[in-house]
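What follows is a structure written as structure tokens; I'll ask about it next.
Labels A, B, C and D are assigned to the chains in the order they are written; within every chain, residues are numbered from 1.
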Amino acid sequence: MAFKKSVVAFSQTPEQEQKLMEVINKEKGHKGALMPILQQAQEIYGYLPIEVQTIIAEEMGISLEKVYGVVTFYAQFSLNPKGKYKISVCLGTACYVKGSGDVYNKLQEVLNIKGGELTPDGKFSLEACRCIGACGLAPVMTINDDVYGRLTVDEVGDILAKYND
Amino acid sequence: MEEANEFIDRVKNGDVLPMITSCSPGWVRYCEAYFPEFLPNLSSCKSPQQMAGAIIKTYWAKKNNIDPKNIVSVSVMPCTAKKFEIGREDQSAAGVPDVDISITTRELVKMINKAGLRFNDLPDEKFDSPLSEGSGAAVIFGATGGVMEAALRTAVWKLTGEAPDSPVEFNEVRGVEGIKFAEYNVGGTAVKVAVVSGLANAKKLLTQVKNGEVDVQFIEVMACPGGCVNGGGQVIQPAEVRNFVDIRAERAKALYSLDTARAVRKSHESPDIKEVYANFLGEPGSHTAHEVLHTSYKPSSLSK
Amino acid sequence: MMTVAELDAIKAKLHSQMMLRKGSEAGEDTYRKHVLVCGGTGCTSSGSMGIINKLNEELKKNGIENEVKVIKTGCFGLCALGPIMIVYPEGSFYSMVKEENIPEIVSEHLVKGNVVERLLYSETVTDSGIKSLNETNFYKKQHRVALRNCGVISPENIEEYIALDGYQALAKVLTQMTPEDVIQTILDSGLRGRGGGGFPTGKKWQLARNLVKDADQKYVCCNADEGDPGAFMDRSVLEGDPHVVIEAMAIAGYAIGATQGYIYVRAEYPIAVERLRIAIGQAREYGLLGDNILGTGFKFDLDLRLGAGAFVCGEETALMTSIEGNRGEPRPRPPFPAESGLFQKPTILNNVETYANVPQIILNGADWFASMGTEKSKGTKVFALGGKIHNTGLVEIPMGTTLREVIYEIGGGIPNGKEFKAAQTGGPSGGCIPAEHLDIPIDYDNLISIGSMMGSGGLIVMDENNCMVDIAKFFLEFTVDESCGKCTPCRIGTKRLYEMLEKITSGNATLEDLDKMEKLCYYIKNNSLCGLGQTAPNPVLSTLRYFKDEYLAHVVDKKCPAGVCQDLLTYKIVADKCKGCTACARKCPVGAISGTVKEPHSIDTTKCIKCGACMATCKFGAIVKE
Amino acid sequence: MVNIKINGIEYSVEEGTTILEACRQNGIRIPTLCWLKDINAIGACRICVVEMSGARSLTAACVYPLSKFDEGKNILTHSPAVLESRKMTLQLLLSNHNMDCLACARSGNCELQALCKELGVDDSSYFEGAKNEFDIDTSSKHMYRDDNKCINCRRCVAACEKYQGIGVIGANERGFKTEISCAFGMDLANTACVSCGQCITACPTGALSEKDDTDKVWEALADPEKVVVVQTAPAVRASLGRLSVIR
């Protein structure tokens, strides 16, 4: 069976583990605590490797498969670390109609990775996302917190160039 | 025999209680993974499959002077976990595995079809001896509550002066409910027992025991709901049947009717058992019995 | 703990100041001008936060920071012109504001008092003076009920909400109305669900109150998942006026007898989540959430639950299953949520926009609300105008307004002089509305009768350059990706439907495939477990119904009339325009272009991979695609 | 009691009885696939759909509890539309199923196979299209898991979770790619699976099956050097009597 371990070796700082335990103990009592815990865990680590999911499963007394089943259902949870710069191209209808599909293909071409993948140097991760609600600026893409609106295919190169450190 | 004896010893010597049966390999693996703190409670007896295999490769081999290495011990079981059990450590009394191959009822069906057997046209035949004539107590092992009843039959017989007419029917532990409790007065002392089938029910009971909400001395656990009659290796009934027919009850009924039809209904009355103990094992719980018929467990760290 | 009297006191204190934003001169308010800057996602993405900082800086420089108040508000609606800044009381509407414009605006307008007309929204500048916002085409026909406070109040200041009658409805409900009165009012108002289904809200609340009498707990949920791509109405309400939802949910809690509520917000809306967190915190601080609200003994509290990227969680039972900490997979109904919903307790789940109407209905009465809209669809509807349209943005129109009015008058028509082709409503569950139905009054039942649906409000306009088969394929690709995978018709059916559309757009389909596809559509609609599957084929069925000729062109002629479907296009060099400069031949990645220098070149269509590089480099427009 | 009509004939049943059970009580059989009494009533496969007056679409009989709101409704259990839908559901399932029946352990005892026969599937490749290609998990001593034969009915998941309280297998990923597997695609042998086989007896198809050790037994029987001793458990005889054994 293709064991879907994450591509990066897991390492955590004591603060991270301590914060994770705080989150679990705070939320464990409420009903439906798994989702908030997973969201905050992804906040702490940037992704949800098997080690983190195992801690959550044990603390909540549920099977690891239950946790993994929830994690693989929602697009926001990721088994692999995102890039230093998370590129997210909106493929909502308004953006699609104005050509965000071409921008997305161009990015895959320039970065030489497919959607959902990470560049080998871990710098860029690329994904298509559902409408982020900025349809006024269609077609839209975000890189971490920066938002680029009214995009054209040619701009892709120089936008990426800004993130070279 | 061994289990009843172990239970009596535990009660007498104040060892760890409640004692829990160990014949269901699925349950044993569950205990090792999910409730390791109850491993001391597990009866050290091997499962009937392994005991039979051990006797075959030791006593029976010697009696028929066959080199145990040349014996292929095969078991036909209603269970898939047996396929795992034969490979467990501490299951080779004669230095070679007690059981070499375990096949399920379904695989037996394949072999019967492949061999072209037509049972209706075949005369009835007895099993070969020894170990040919199982007692009524043995037959009901396959139903939830059966192992408990069998053990009680022998334990009550022993604790009440080995009277030949000691009680034989313990209806309180019969039936397909997932968790059953019963209390018996055995030679003046009250013995509280519990019977569970389906590991979700075992989880519920063991948690209650751990929290002190339930006080029992002897627990029978069967991994499969309804006991081995509903095992993972049984012939598969389509949903069409299993949704509307209580397969567990039907199959259990078959076993209980075989039990009542048997002359010998208590393990200790079975001539074969007596012969093995007389010629080989000595007393239940003896050193040889321990060597041949008992095993050990250890916690598992597999990912839950 | 706050009393009703204290609530009124806050309102009185701030009321005069707020009137400044309604155009009346500043009363005894310390500030003489209010500058409102849009803090919605669109404008924020275009740097409105930078503009606010620059504004504060410049005001300090000119020493008038105590005379001019800067307020970050929610979305005004006209996203196409973002970032937007409005100065009250004049109501001067600055659009496409850049940071470098701030010093001029501050010194000229805010200090000297003369408006910088050059930077105003062009339409407001007329020879007979500055037109106010509400007279512009975009706003003229709008009637803002749910969006009443958006772009008017600061969403992060509860007192501004209170100043404009905020929490008065809750006070009225708790002190003067019985739960039955509240439900009756909502019933009489004719309010129907704004999430797209259109189920009468009053009836839903009534069922939740009466079906299970002895429930020890009931829940009030708000569906803020807004998964439809191209829809951002709920976002704007949450970012612009979060308290209206909180107040409405408290009223709903009182009506059905619940003490706990959950707002399920998309994780893709960080600003909305933040604004809600602040608003809930303030509501608790002011004793408007928690125990003994307004001293009436009524207890109600709210928690946020974030979605995590699953469109199906917009379906009510999937949303509840998600809040319960599971895979967001829908559950069979009945039992309906009003009987057994969240954590198997009676639950009501309404959309953000539905709640946004509730306080108004309570304050102004059911008849006021019922006077708006059509016979069976009362009140207004918020639409998110997007796609090929000038005024992309948020539009709230009375039910019954026609599509033509929305697209041409409010929306400003189709850019670049292109021909209108269709408007898509209801997102992946909706259908398209062709030109022949432009004059149909928009309401629940009319839209369903023409094979589309109201949906949550996304309205994507498409022009002649959009291929309807490609749009249907886009929506199916979306549904295939977002299907939860639980039931056979949707898990496998939508995948097969998408593959059939791929077959059509790649020119490999036969007429028999078209019939097979239509049969599969009706099968999926008829057999899927939840709304997602039941409506997934709508984009295909409605494009089949109105644009059958385009399907036939793809299948029979192997042509894509709109020039979108790559596989059906052939690139051709127009001989008399080709100068033989060989630029295209050098650019072609597969060497499909041949010809001698200065002679007309030609493209070998068997080699051509239709990447379009040649067309892009040709300076003489000699290469066309058909 | 709720008064309803089934295929035009009047019946009255206890409130809360599902349509499926109401029909069964009155001798009307509705085919099912994913429904397992008490542990798996999730309405996923859509084989048991029926027509019901007043309903917008077909209704899954296994999960629809009849209530006073259904008084007087008429239910059609085998109308042309219903039969056509059930057939299409099967054809869709087959389009993502490894149809290697001749070499499958469950050939002749597979519920999918039986339903295709019963509901008249006459073109198993009607819905040609992409199929999932999952690895086959042969890590365990007692069984193998072939998800290419899995129809996502989740009966095995219910058995492992509800009967056994273990839950090492479950639905992962989403949509068409949904797969019943262990966490992180782990081998079953690396999980705390106790090899009880309850998932195998719950599975309607050949996706889950025990490892076949009969060849080893034949070999031993044929080996003159070896003495083969066979012991049988009591429960075996209780399930051996099934018709398929005695031809």
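Throughout what follows, a residue touches a chain if its C-beta (ideal position, glycine included) is under 8 Å from a C-beta of that chain, and two chains touch if they have at least 3 such contacts.
Computed from a prediction, not measured in an experiment: that's the story for all the values here.
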Chain pair with more C-beta contacts, C-D versus A-C: A-C
Distance between the centres, which are taken as Cα means, of subunit C and subunit B, whole angstrom: 65
Intercentroid distance (Cα basis), subunit C paired with subunit A, Å: 24
Chain centre separation (subunit C, subunit D; CA means) in Å: 42
Length of the line joining the C-alpha centres of subunit A and subunit B, rounded to whole Å: 52
Two or more partner chains touched - positions in subunit D: 166, 168, 171, 173-174, 183, 186, 191
For subunit A, residues that touch 2 or more chains besides their own: 63-64, 69, 73
Subunit B residues counted as touching two or more neighbouring chains: 303-304
Chains that touch, pairwise: A-B, A-C, A-D, B-D, C-D
In the complex, subunit C residues that touch subunit D: 310, 327, 331-332, 334-335, 480-489, 491-496, 499, 520, 523, 525-529, 534
Residues of subunit C that touch subunit A when the two form their complex: 41-42, 44-46, 79-80, 82, 226-232, 235, 267-269, 305-311, 322-328, 343, 384, 386-388, 392-393, 424, 427, 458, 460, 462, 466, 471, 474-475, 484
Subunit C contact footprint on subunit A (complex, rising order): 31-36, 38-39, 69-70, 73-77, 91-98, 129-138, 140, 147, 149
Subunit D-facing residues of subunit A, complex: 1-5, 50, 53, 62-69, 72-73, 79
Footprint of subunit A on subunit B - complex, ascending: 303-304
